[in-house]
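In order of appearance the chains are A, B, C and D, and numbering begins at 1 in each one.
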Amino acid sequence: MLEADNLECVRGERRLFAGLDFKLEGGELLNLQGRNGAGKTSLLRMLIGLLPPEAGEIRWKGKSIKAQGDDYRADLCYLGHLNAIKEELTPLENLLAAAHLADEALSEDDAIDALEQVGLAGREDLACKYLSQGQKRRVALARLVKEKRPLWILDEPFVALDVAAVDWLAGIISGHLQRGGMAVMTTHQQVNIPAGTVRELRLG
Amino acid sequence: MIYWNSFADFLAMGGYGFYVWGSFGLTALIMAIEPIIVARNQKTTIARLKRQLRAESRADNRNTAE
Amino acid sequence: MLKIITAVIGRDLKLAMRRQADIVSAMFFFVIVVSLFPLGIGPEPDLLRKLAPGVLWVAALLATMLSLPRLFADDHRDGTLEQLALAPHPLGLVVTGKVIAHWLVSGLPLALIAPVLGIQFDLSSEALVVLTGAILLGTPALSGIGAIGAALTLGLRGGGVLLSLLVLPLYIPVLIFGAGAVDATVSGLGGEGHLSLLAALTFASLGFAPWASAAALKIALE
Amino acid sequence: MKDRFNFYRFASPATFYPLAGALIPFFVAISVLFGLAGLYLGMLVAPTDFQQGEGYRIIFIHVPASWMSMFIYLVMAFWAAIGLAFNTRLSGMMAQALAPTGALMAFISLWTGALWGKPMWGAWWVWDARLTSELILLFLYIGYMALTAAIDDARRADKAGGLLLLVGVVNVPIIYFSVKWWNTLHQGSSVNLAKSSMAQTMLWGMLLMAMCFWMYSIAVALMRVRTIMLERERNTDWVKAVLEGEGK
């Protein structure tokens, strides 16, 4: 379903990778490996369509993502290393605003439920600037709880999480794979994803 | 054919000498200096890039020697 | 289409309301700059009447410039800009929403306070009405054109100064027609022609600027 | 298909670098020739202007410099459009190589305009539509150069600069007409350059000088683009070959 064909990445004056191919079907997770600066984040930014590849093409459902534009983005959920939450808003407002802007239906009850799952019960109405770093990360991850879009692109989702949260997130991802979803992620940790097929791709 | 009677007339420009020669002088200066600066930039760039290239190849040689 | 624009406006207004100090300080800047001029040039009413349109408009340009660097920078820093760019709508619509929200918190307050400041310059009531109308009509163009500059300088060192360098020359037509409308009313010529040109500039820039800004944002996000 | 191939070959820096090097002396030579002919006609042969006396001779550099300042901006915008549409490497480099020359042309135009205005209008500067627009054009050049200098990544600088150029090109006519309108409303069209009965020799002198400025701009831009190419492509094989061949 998601195919990369002969991708080449040049950043500044350095060629990070070239001739990269892969194919990802429903229920599969692609785990990107590689040292720092190997181009993992660049590849993710290509997959979400923000960084045009130097050469090659990325296809979603058989069609180039560049040609699909909004249709592709409607199938895509991206979690970057930045939390993408507003400090002035409460966790609940952040979740609802993010869903609203992404054109997703998310009821307030679902949002509260998601926040409870990530362990933020009772803090729904506290502005995010009063939360700790780890709690802010959880607000960002709460988006994934009710996420129905088929393709998840996750940049270092396990960073700065405690053991319990790592297990919880692994469970969320495997639930997504079980429903036939796809995911591409980078991680430095060894994480056990219970369901779905995990494939590895090493850059550099 | 030539409009001027004397070289002094030419310099005086009918009383507009300062304005005319001020314009032509600065323009000539700019058009002389700009190419010189560009050429010098080219030279220093080439010299710098060559230094970098040599430094890189020395580094490569050391690596292969080890 | 309207839904995404209103969603962005709603979000940005909510954020602005949680940070009212920014709106208030841009407004105070406007008030102080305008009030400094009579102190600098003397209190003759005739002179002040003549200078009022220009002074008010230049101060309005500068006050708008003050809030422009933050238009995209905050969203860029916390990652929400990426999410906005990944939303399944054209980015130009998102930027349209942000431009309108920016106008509501920067241009609109200026227009509301301008008549009060016009009184300091001994403007007639008719001129005050035209002044308010001109600022209402012209400031959306300032937000729109400014958005292009803000997007181009996103994440650059010394972005604020660079932004003024890029944007102020492009503001000149708005300044000319905005101040001209008031000027023409003061001198009894009627400001309708200027106002309609100002409206044309605003419509053109609101149609064009969000898409140029969106292209610039995509370059910045690469 | 074959045309496309050739175009890309021409547009590739490795081919363009030696080509530009070979063309520079040629453009310098015709620029000098046109310049000598233009100066001969304009400064030695052309008669005086009955309205403006000998001061009018500033026209032989003022008008060509103004033309070039506008023309170079258009050419930069053209390269910008090509660069944004086809993502060619060369176009951004060309735009950047042209900018300083365009800015200098705008500066020459303003300088000579001031030196012309003082004896003719009695003031170094008047808020005439042309002068004001030229000043704003200089600001646009400076803005472009400042923006591209502030962005470290060369490709990103090209794209952002290109976008700014396109926005500027849309704005230049609007600025020109708004200033013109403002100017006529404020002071009436007291400032009027009557050039209706321009003698043939004057016209030829001016055209020759314009050709001289044009060829000069091409030569300098080619020189500058060669430096930019080496800098940008310093890790490629062709630059290494050029560097090794250089200065033995």
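Here is the rule we go by: a contact is a pair of C-beta atoms (placed from the backbone, for glycine too) under 8 Å apart; a residue touches a chain by one contact, two chains touch by 3 or more.
Chains and their UniProt names: B = Heme exporter protein D.
What you see is a predicted model; the values in this text were computed from it and never measured.
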| item | value |
| --- | --- |
| Interface with more contacting C-beta pairs, comparing B-D to A-C | B-D |
| Rounded Å distance between chain B (Heme exporter protein D) and chain D, as computed from the means of their C-alpha atoms | 17 |
| Computed distance of Cα centres, chain B (Heme exporter protein D) from chain A, in Å | 54 |
| Averaged-CA centre spacing for the pair chain C and chain B (Heme exporter protein D), given as whole angstrom | 43 |
| Centre-to-centre distance between chain C and chain A (centres being mean Cα positions), rounded to whole Å | 37 |
| For chain D, residues that touch 2 or more chains besides their own | 234 |
| Per-residue overlap in chain B (Heme exporter protein D), given as positions that touch at least 2 other chains | none |
| For chain A, residues that touch 2 or more chains besides their own | 52 |
| Interchain pairs in contact, sorted by label | A-C, A-D, B-D, C-D |
| Chain D residues touching chain C - in the complex, by the definition given at the top | 136, 139-140, 142-143, 146-147, 150-151, 156, 159-160, 163-164, 166-168, 170-171, 174-175, 178-179, 181-182, 185 |
| Residues of chain D that touch chain A when the two form their complex | 87, 153, 232, 234-235 |
| Interfacial residue positions of chain D with respect to chain B (Heme exporter protein D) in the complex | 43-48, 53-55, 57-58, 61-62, 65, 100-101, 104, 107-108, 111-112, 115-116, 118-119, 216, 219-220, 223-224, 226-227, 230-231, 234, 239-240, 243, 246-247 |
| Contacting residues of chain C [partner chain A, same complex] | 4, 7-8, 11, 14-15, 18-19, 77-80, 82-90, 94, 218, 221-222 |
| Chain D partner contacts - residues on chain A that touch it in the complex | 12-14, 52 |
